[in-house]
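The next part holds the structures, each set out as structure tokens.
First chain A sits with chain B, and in the next complex the same chain sits with chain C.
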Partner chain A sequence: MTDTVGIVIVSHSADIAKGTADMVRQMVGSEVEVAFCGGNSDGGLGTNVPLIIDAINSVWSSKGVAILVDLGGAETNSEMAVEMLEPERQDLVVVCNAPIVEGAVMAATEAAGGSSLAQVKAVAEELSAG
Partner chain B sequence: MSLHPETFKTLLRSAAEQVIASAPELTSLDQAIGDGDHGTNMKRGFEAVLGKLDAISAQPLDAALKMIGKTLVMTVGGASGPLYGSFFLAAGEAASHHGQLPHDLADIFDSGVSAVSARGRSRAGEKTMLDVLIPVLETLRTAAGQADLIDRVRAIAAEAAERTAPMRATKGRASFLGERSVGHVDPGARSSCVLVQAVCAGLEGQQ
Partner chain C sequence: MLETSQADEQTFAGSVRLVHAVGMHARPAVKLTKLAKKFQAQVSVRVADAPEWINAKSVAKIMAMRAAHGSTIEIKASGSDAEAAVAALVDLIATDFPDGNS
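== the complex of A and B ==
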């Protein structure tokens, strides 16, 4: 249990997911829990609901978890994963509408300051505004 | 058109096998206007369904449909997992309230279609699987109880999939191509057609 919002990165590519997490850690170190997943169950490009569920649970925080995604399937699978969490956790997880790399770095930086889930999401999504 | 457990099992096996057999065609369609993984994703999902065929078929209809949905969600690995998964999860939920086949078939199917629409934030005319599922639903309603229902459903599924060719995609990866998405059948529409037709063929074999 930590007191900062957890961050989950979901890409179609395991390399992008890991690389994005590396960039996040460079910024926030271990102040924020970060998990990432990418690729389908055969090791190809894709996203995978069981891995997303595991990633969310691995960074669980009482303040909630923000998910950053790349393309459509990552978003759809992330939304599905959230609905398959324990009911009391579902309202504490958001999928951010933001570019994956920039969004993850900004969300994690905001989270490191102790911000709420809503604030973390809003900061990530400023990148998509206008 | 009663749904005996053995009938359900035969139908499900046949539908899964048809999807698996169509994987190369689905991949080829998806390579034209998407990321080219629809065939392998659907194959992975329906192979997982086949692997659980006995367990799924042993359940009552509502639980069986939900189990199919959950299996697809957990194994497909693309957007089609949650989309088809949501169809079967919602259809299963509806079947727990309206279990009388064939009387309630359209209502059960309607719940599945609504779930796909909500999950994909999509509607008719956007060059997606809904462009097959919605016309099929309409036919299930208008031709309910008629002797040629199965033939009509099969025909509309094929026609509707072909009708996605001239559409311009506004949802999914194909939308990135804009006008260049025109002229290709949508892979999701095609996989929906394959599933619907496999079920039709299976039901016909039971009559």
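== the complex of A and C ==
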């Protein structure tokens, strides 16, 4: 199986979301699917539940999807997006408690080796485990 | 530089000088971790003579090891493919973390 956990990056800023995804792709490579979303529909700062759901769907994997978020609303909107998925898919999506850039790079590094969703989440959260 | 020594039946060790200009920063750390994870063997690294060995499959710990340019990295591995793991990591570091199918 070449299937790997997908990564979704959710920031209030479209630029941060895209930049973080760029770092993941350049540092880790292309074997892991990475999607990002950021900003509201007016081009301002914010996060948007439908866009997060689209991002989750775009990197969907049978191994699951790990979401990396920045501040407050990114986390609550990501949790809301997960709750709006079909019940059988909800357990396959996790929001990681990790710094967005470092967490995304580490999660993707772990995912590239074919690790499980739980392993990917644990590695991303290693930094905040202190 | 590519010396590997067989410490016992299934444990292999090697050491290699870190030639990367800025030491073990994020990008090399990701490459080293990804390569180490391809092997079944348990793989550890450390800056020569450091008190603790670091799990080479932990990207967080490898990034945090802060190995400087010119330092010597020691590698040890145990398990069925330990010899290949040590050789691969020595090669990755000796060739300065080339881009490619890592």
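Definition applied: the second predicted complex is superposed on the first by the 128 of 130 C-alpha atoms of A that agree within 3 Å, B and C clash if a C-alpha of one lies under 4 Å from a C-alpha of the other, contacts with A are read in each partner's own complex, and residues count from 1 in each chain.
We take it that a contact is a pair of C-beta atoms (placed from the backbone, for glycine too) under 8 Å apart; a residue touches a chain by one contact, two chains touch by 3 or more.
The structure presented is a predicted model; accordingly, all values stated were derived computationally and were not measured.
Taken together in the superposed arrangement on chain A, chain B and chain C fit without clashing.
Looking at the shared chain after the overlay, A:45 reaches chain B, while chain C stays out of its contact range. The superposition of the two structures on chain A yields an angle of 150 degrees at the Cα centre of chain A, opening toward chain B and chain C, reported in steps of 10.
In the superposition on chain A, A:37 makes contact with neither chain B nor chain C. Within the superposed three-chain arrangement, the count of touched residues of chain A is higher for B, of the candidates chain B and chain C.
Within the superposed three-chain model, A:76 lies in touch with chain B and out of touch with chain C [touch as defined at top].
In the superposition on chain A, contact of A:117 is made with neither chain B nor chain C. By the document's definition of touching, of the two partners only chain C reaches A:126; chain B does not. Residue contacts after overlaying the shared chain place A:84 against chain B, while chain C stays out of touching range. Judged by the touch definition given at the top, the superposed model places A:8 against neither chain B nor chain C.
In the overlay built on the shared chain, the residue A:55 is in contact with neither chain B nor chain C. Our summary of the superposed model lists a minimum C-alpha distance of 27 Å between chain B and chain C. Taken together, the two complexes place no residue of chain A in contact with both chain B and chain C.
Residues 26-27, 30, 33-34, 37-38, 57-60, 102 of chain C touch chain A in their complex. Residues of chain B touching chain A in their complex: 35, 37, 40-41, 44, 73-75, 77-79, 81-83, 85-86, 119-120, 172-173. Note for the complex: chain A touches chain C at residues 26-29, 105-106, 109-110, 112-113, 115, 123, 126-127. Chain A makes touch with chain B in their complex at residues 40-42, 44-50, 71-73, 76-77, 79-80, 84.
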